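Okay, so chain A shows up in both of these, paired with chain B first and chain C after.
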Partner chain A sequence: MLNTGGLSLDQAPPIRVPFAFFLAAPLFAILAGGFLLWQGNLALLTRWSPAALAVTHLIALGFLTQVMCGALFQMLPVLAGARVAAVTRVAPLVQGCLVTGTLSLSGGLYWGGALWLVVGAVLLSCALLIFIGAAGLALARARGVPRTLQAMRLALLALLMTLLLGGLLVAVLLGAPIGGFTHWVDLHLGWGLLGWVGMLVMGVGYQVVPMFHVTPAYPPWLTRAAAPLVFAGLLVATGLTLTGSAVPAAWGFGVSVSGLVLFAVVTLILQRRRERPRLDVTLIYWWTAMLAALAAALVWALDGRVEPIGVLLLIGVGIGLPSGMLLKIMPFLSWFHLQHRQVTTRRFDVRLPYMQVFIPERLARIQFGVFLGALLVTVAAAGWPVSGWGAWLARLGGLGLVVSSVLLWWLQAGCVWRYREISRRLG
Partner chain B sequence: MADPLAPRVLDVRRLEPPEPMERVLDALTDMPEDGRLWVLHRREPFPLYDLLRRLGYAWRTLGEEERFEILIWPADFPPSRSELDWRIPC
Partner chain C sequence: MDNAASLPMTQVKEPPRGDSQNPAIPIHQASDTSMASIITDAFTQDHHACDHRLAAAEACVGRGDWSDIGTAAEALVSAMNRHFDAEEQTLFPRLAEIYRVAANPIEVMLSEHAQMRVLFEDLTEAVGRQDRDTCLGILETLHFLTQQHNSKEECVLYPMADGALKTQAGEIADLLAHG
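And then the complex of A and B:
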């Protein structure tokens, strides 16, 4: 249960704070899709190609981390029962540094150039350290929903580790004499994808899956064990790498992966047992993301190519899950803020629309269909990049990602437009 | 046949947010000025309380895991002892 005994809208940030993050994020997915469309299978042949590195950071930072920052700024006051300090000044600062830092780093990784890498690393450090500080302070004070808070605190520590390792890798690219480059990259990826993304999805999922899909609660054994398992695995992998035992470090990653597999399987089982038979697009996005995570774990366990694993995690989970949540959360926040505004202004003559009106379900399903096509085609392109069709599949996947992200942005913009229109009528 | 004198109960346990709140606010619009509304909910609806307070309603919540009973009344017309003691049948 949320610790919201004193919850009122006064504690939440102004709606423009999360919406600014949510509206900017799809632009980075469009850029990533544009890179794929332009570079074709060069971006999928190897994870070391400049195009692959640029696309990875555009998605991981520009889309995923941006949505997560906006969502946490919105959720933390609700969970913590306390406002994030100076959120209207902190949030734009974080977003400004995140946007410019991501563009600079991605440009530096693709075109080379020490200046772009350094500027990107500095700006991203500013963005993420300010964010970790503000969110960490609120999480440290938070009470209630202990398992969600535990997963979120661990996710924030994982983000810090990802940032530190990212800084180390930029230093290596600039010529610092540090050995074992590939192992540090593996750790950076592990802390970023399994730690930051995986544990945050868990923390959010423990709350939103039972609430929005009317399922039974997650079993206590899972909420107690899953996130600590992921974190412990990453610690073991890091420790083994530091002591020069990089090969057995894979066992640490295995422990982390098993934590996420457990979460994904239990989520799918809970969603099968949901009370409402209605299949909304957010639910379908959750299924897709959980199945993508399981498929990625399977390919990893079978020692398959890492590129399709990256596509499944970055596009399937990293773009898919936030997209599905945005299609639910943006209408919900719009409706909730308008409801409060109506009560404050006493304008009961203005009829508020139901939540589904803010983002029409039929259009959201079309958006999902394009996204799913893009995901499947890009996974195929990453699995068989040197086949005759590889280049065309990669470009087709890129085009699909561009179209689905434009559609997502258009649906979000429509939601904001409807919100503003009704808000104006309420005075 | 439904008892016409039975309290009005709104069961929103199988609805996803924000439908429970939408249904409660719709029901309050139709409620007479000295009326009461019993709501059966699967979570304690904290966000609803702030709206109720601003709209001039008072409430009392009894509950446990997955089953919460919320009695809502206009703040100017508090419930009787028997209304407070009444429980929604399982």
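And then the complex of A and C:
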């Protein structure tokens, strides 16, 4: 039997759809850095501080989830082999709700207004449920490499769990009589960071690591086991919490962490064996993110402070990895669309620049350098927040995050500007 | 803005190297996968061979040895052209004869072949000028274009061809072996 339904290879959305998400994301990283700069180590002393909660959601939702939504809207038609229905209307709706919901929720967490929390929760529920619906539908029909699809489907389920638990936590903040607040927060964090972020990185990594740098393939035992291991660990942790078991939920989280550690170690080994010799900034971002994930796992295993773990995962992985990918993907999409247009319009008199011209590698390296400095300083500030230098380190980290995010946005805007300029010349 | 592009990160693709797993065959559901994937296996393997040549050309440019670069670039272009010939002259026409539904994907593939051929010409010129930065820019762009292109062929067209051209699969796969 042949299943040829929806078999078109020309179904990606207009370039403005993913670019709108990509361009808005760094603005939230700038806001998060601004909070750190303003609040100093108050944001890093404890994960329960209003500033820490606001920064966490600005990064997790405003930056990371925003980039991921844009990237998935781009890729779903290709994965599913069918256009996402009304993508040009659905995507701005998701983005509008995501942006306003994130701002409202973060404001509510910082200033404590019940109305802002409710508005934030409602808007984010709209954004993420529409997104999960659209993405889930496409992934359910998708054909392709089973292990990537499996990791992505599980990541989407984890996002749903994160959202449900987030709604529960907002209800508790508003006075609902539900006990065990800290346990629910741990589960919310686990499903968000290990589940949504971790498994999505796996699904993407199985594809792009071998593809970008011509490395050997991920071993089948890893692609079979890693994402299900993360998911199973989260289910166990949730079950233990729900049943009020004497066994701590950390046992379940431990299983999930081991899945991610395996993935990070294998990724670093594969990238060492790459055939493409170039040391481009995307590769360096991947190394940084994988090392940050391993460092976070080590601190967790040693029962260290949770705040540096949060910094390593949110900034090191959550901002670092998408940044590295954007610096490669945006130039390629720009070039590809322009080349296609050139063939269509037959304007061969217009000379197209190659990928590096859209985002120059030298400037991208400077951006990475500032980001790395910000990451290291903020980790130090979160690790030793009460030392004499703590407050200054936190502010310096915040400043670094602002500067690196402004630079990232500047590079992206330059790419879009070059795209539009050439596009105009092509007519 | 047009809407023709697809991300490299977004493509469905079996990892390219050193993996003996069969690629997923989502379109053609056959019980005997070894027989059912002759075209997919052969053409995917040839993609990987071209990937190796591109990486080798990049390594030569990095070292700056221009006599090696010329040879490596020529080997890359000739390997890719040979692959295109097998597809354009044999595989795609025979597939299109049997399944009209393949016409649209084939058209997209042919237009991307044309995009790559433009880059081949640019590469040859840049090697002639010994322009290192331009060579690296072209090879990077070619790499990403090729990867996303190969993904689509490996996940859609080749499995479809394996289903449609069972009796001719061996002969078509041999085109690459004996080029």
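Operating definition for what follows: the second predicted complex is superposed on the first by the 415 of 427 C-alpha atoms of A that agree within 3 Å, B and C clash if a C-alpha of one lies under 4 Å from a C-alpha of the other, contacts with A are read in each partner's own complex, and residues count from 1 in each chain.
What we mean here is this: contacts are C-beta pairs under 8 Å (C-beta built on N, C-alpha and C of every residue); 3 or more make two chains touch, one makes a residue touch a chain.
Keep in mind that what you see is a predicted model, and the values were worked out from it rather than measured.
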A:R224 touches, of chain B and chain C: first, second, both or neither? neither
Residue contacts with chain A in the superposition, chain B compared against chain C: C
Touching partner for A:V214 - first (chain B), second (chain C), both, neither: both
Touched partner set for A:T344, first chain B, second chain C, both or neither: both
Touched partner set for A:Q74, first chain B, second chain C, both or neither: second
Touching partner for A:R305 - first (chain B), second (chain C), both, neither: neither
Contacts on chain A seen with chain B and repeated with chain C across the two complexes: 1-2, 4, 7-9, 211-212, 214, 275-276, 332, 335-336, 339-340, 343-344, 354-355
Contacting residues of chain A [partner chain B, same complex]: 1-2, 4-5, 7-9, 211-214, 275-276, 332, 335-336, 339-340, 343-344, 354-355
Chain A partner contacts - residues on chain C that touch it in the complex: 1-19, 21, 23-24, 26-29, 51-52, 54-56, 58-59, 62, 99, 101-102, 104-105, 108-109, 111, 114-115, 118, 133-134, 136-138, 140-141, 143-145, 147-148, 151-152, 155-156, 160, 163-164
Chain B residues within the chain A interface of the complex: 13-19, 21-22, 25, 42-44, 46-47, 49-51, 54-55
Of all residues in chain A, those that touch chain C in their complex: 1-4, 7-16, 18, 71, 74-79, 81, 142-146, 148-149, 204, 206-208, 210-212, 214-218, 220, 275-278, 325, 328-329, 332-333, 335-337, 339-341, 343-344, 353-357, 423
